[in-house]
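By written order: A, B, C and D. Residues from 1 in each chain.
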């Protein structure tokens, strides 16, 4: 397509993403504009209908299913702490417990999680208490061993582009929560999900958890507009984590409601029986009573929204 | 307060912000940490109760008052366009019409607004149609003249730190919508509001409209978590502009609902009778029918939320 | 240009920037990609050779001319302070003195500058001491009056998109230093320069002064790579301000050297006779002796680079 | 330390970083300010003198040693390509060859590197050609096997917070280049280095490679001011990668010179014998002749700077 001062050349008929490198280096190329996206399996072009992931008989994430709430402490700190939380949440009707056993921490001098021991507790909890459990995996080598003892896996923001890890969780059959990286674009996030789907695991749940910006009055900047945006681009479910996105206890409840209003398929909330003694992220955790109150209101609003969808 | 390797020195008893410069330059100073904020009049310390701004007999912004909706085109483009929109919105019950006469545009080669002529139209509309009008001012010299012909003034994101402009709108009696700058922190935003209050005008409405981040799939990144955050810091009302925050028509309605859920006192939405022929921001404008549908739903959700406050 | 699933439509033969709005709002448009830039006069397409701005008989900024150094305090604080600095710099051979009379400050409770009185001092200094002077203008209404009493004008980062101000400095004959906005892209920066050139003033000097990012260990993030980049896009000279870019006295000298190595046409450095008592930005100011030492080294490196250009 | 409206409480006498979580969650805490840094071994407090890492008899990185240049292709693509480059660089006197065998790529549909086969080639090159080799490791499980066949290891930006990987390279004896994460603060970067040192490997070389910001005219934003800043905080050497930082061939040479001027201990430059046919990052690679020319100039400037240090 000739122009006054430059010529546009289009590559047409391609099936899927084309690596730009061979073109980028050609002399005379001013700019390369991708029209095709760096993913295919996660896009709606080849899979227009919503992916719905069944968690248990009553709980499904995605599509038109009701908002799913995942709750629990940032880190498993003791047998007492995690069992107490699990029992409380189970009684309330929360379907999924979160709890970190392997903790990625900025400083090697911070608490690193109970690791193996924590995984054992989660396994015990799911059989004894009957709540589903999700936990983070950080290294490819632990994936299969952890996958057999928990219901769902989580890939954290810091590991969103740890491709060997993505491939490994792609080889399990567990649903995988894939958190958005701190400074990852929507396109990169979906391309990371593509790594998992390509290995055969199609049960990926995307989770927005705030991005890093210049603003420091919140821990991260919650980017809620990506929720309706991503729902157009992909068939995968999308949930929101108001605890990490804001880092402030007072903002967790209002932002959970906002996520619900904007169409999130679920919210993941940090709850701790004793936030004042939490070893990690206490300042953004609700205590059990605060959570109970918020939980009732979240379900109430979600119910209203479901009935009155535009 | 002596430490092992450094000494902390506290300045106590001060009333209000202390300029750090004289201290910053002293040799031996490693870091200066402000505890006092760079504003005083806008903070809750000296004015704990919510500021409520009366717009007309039925419309008040702030406090526990119902969500207020402001709507209209990005720019006034013709007599027909702005009158048609004003009449339509008036019929729906929208209390405030927005319409830009002076348009700040990145390129001098883009449409710059109808300027004086646009202001005249707004003045005519408010008397003939009976809807309140708000418009942006860009230069101190026009402020008093514009202020006499419109109901409310707006200071845009690009001018959030145009201090002479802030002082000038501070000398009017009109309510002022102060948009957050593209890369302004919450603290800077509130300090800019302080400029207005210091001149005597206390009717400032803060408006979040998205910040600039690395993400390019939306025009800006809507930072909704600042709404509950700012409501704790200041007594001033806070509204949200989903049109500029997202830049995408499809995201305007869901984000307006999210803002309502998170506690915004109002939302400002771009509406154009014929977005396909808009001279500015057509891609983020709703047409009249889309707006009517969204408007009904927004009021519905806002009503539900008001009844069921946590 | 038909593709498998979408069609690319090119607009060709246009002279200059096309406003995207009328196209953006058309249904069926997925994405609009600008090939033409939002500026024309500042680009090299129509003005391939470097603009060189003559300051005095020995000093020219731009093209292959030697690195120009501008120095002085952030703010004029007293007659003694500014005269002492001016005399010292004149003796060293520094051609241009900077000194702020109108100071844009985040908080209205911070020192706002000596305003008119400061301008008077600058006028006196240039006639009595014989050093050229540059100062910031913040409002259109003051521009012509200030322009007659100083040699060069500066538009600060906060006002880079204050379009009425840009137009007003565009109507003067003074060289104008246009600082890059805190979160402005290169394209926006050049489009702002276009506003000035369009009014007839072609003596614009672009000044990189750091952008706002997530990193807080420096005041801003110095984006030095834009210097060689911008030199390819525009014929205008480009200088660097290491004082504001870093906010730390220790980083000023090394970053000034880096700017010289990367091809800047000049550097602007904050110098204060007594940084420990500066009313503004003392922590990033060099004292007179530190400056003298740095100055000699900067000239030395600049000389070496000039002789050994790639 | 009592204040008018709040009380400051200091924790003194601590040796090293204190985890904030137990304090953050206490009711009544408004803000927690760390004075101690989240690292200890990498800081200058306990190790004031510069770490110097010996690469071969003539090459040392760190301290007052001459600028070290590392060069080579982004990815190893064929035996011919990497051997040709290695021989060319060896002849020029470049001490270290870079070449990626395991490539982290955003899209799973892009070229992923030659993996094992590439490592074999590097091993052969170092014995046959006698140039030192550095390559990236992406997963803990490959580290020890790769470490035995190359001279230096690299941890890429995407893996800067892959803590199991950091621990694993910390158990080798190879020098490790630790790239700064795309959106990592200086503090997080140094805390990641601490993970490596804690395992016993003190030969860490920090590498700035650009951060992610709103600016899209360069691939990343080169943050050169961190080089002098980090040199004050840590005893470890700091190098710069102008190829990834800018993503543009034309900017590589000027930014390498700027890094040298600002005090970097080394620069790492992408060189490809045939950039037009590179499978990865061709647009930011120099060809052999461009590199030879740049190399001579870089050494020349580095020599001048060494002689004329401030």
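The definition used in the following text is that a residue touches a chain if its C-beta (ideal position, glycine included) is under 8 Å from a C-beta of that chain, and two chains touch if they have at least 3 such contacts.
Since this is a predicted model, take the numbers as computed values, not measurements.
**Q** Please identify each chain that touches chain C as well as chain D.
**A** Shared contacts of chain C and chain D: A, B.
**Q** Looking only at C-beta pairs in contact, point me to the busier pair out of B-D and A-B.
**A** Pair with more contacting C-beta pairs, B-D versus A-B: A-B.
**Q** For chain A versus chain D, what separation do you get between their C-alpha means, in angstrom?
**A** The mean C-alpha positions of chain A and chain D differ by 30 Å.
**Q** Using mean C-alpha positions as chain centres, tell me how far chain B is from chain D in Å, no decimals.
**A** Each chain reduced to its C-alpha mean, chain B and chain D end up 43 Å apart.
**Q** Can you work out the whole-Å distance between the CA centroids of chain A and chain B?
**A** Centre-to-centre distance between chain A and chain B: 32 Å.
**Q** Would you please write down the residue numbers of chain B that are in contact with two or more other chains?
**A** Residues 183, 187, 212-214, 216 of chain B each touch two or more of the other chains.
**Q** Hey, how would you classify the chain contact layout here, line, ring, star, complete or other?
**A** It is complete, because no pair of chains fails to touch.
**Q** Mind pulling up the chain A residues that touch chain C in the complex?
**A** The contact residues of chain A facing chain C are 1-6, 8, 10, 12-14, 31, 33, 35, 45, 183, 212-214, 216.
**Q** What residues of chain B sit close enough to touch chain A in their complex?
**A** On the chain B side, the touching residues are 183, 185-187, 211, 213-218, 221-229, 232, 245-246, 248, 250-251, 253-255, 257-263, 293-294, 297, 300-301, 304-305, 308, 310.
**Q** In their complex, what parts of chain B are in touch with chain C?
**A** 16-17, 19, 21-22, 24-27, 29, 38-40, 104-111, 138-141, 158-159, 161-165, 182-183, 187-188, 191-192, 194-195, 198, 212, 272, 275-283, 285
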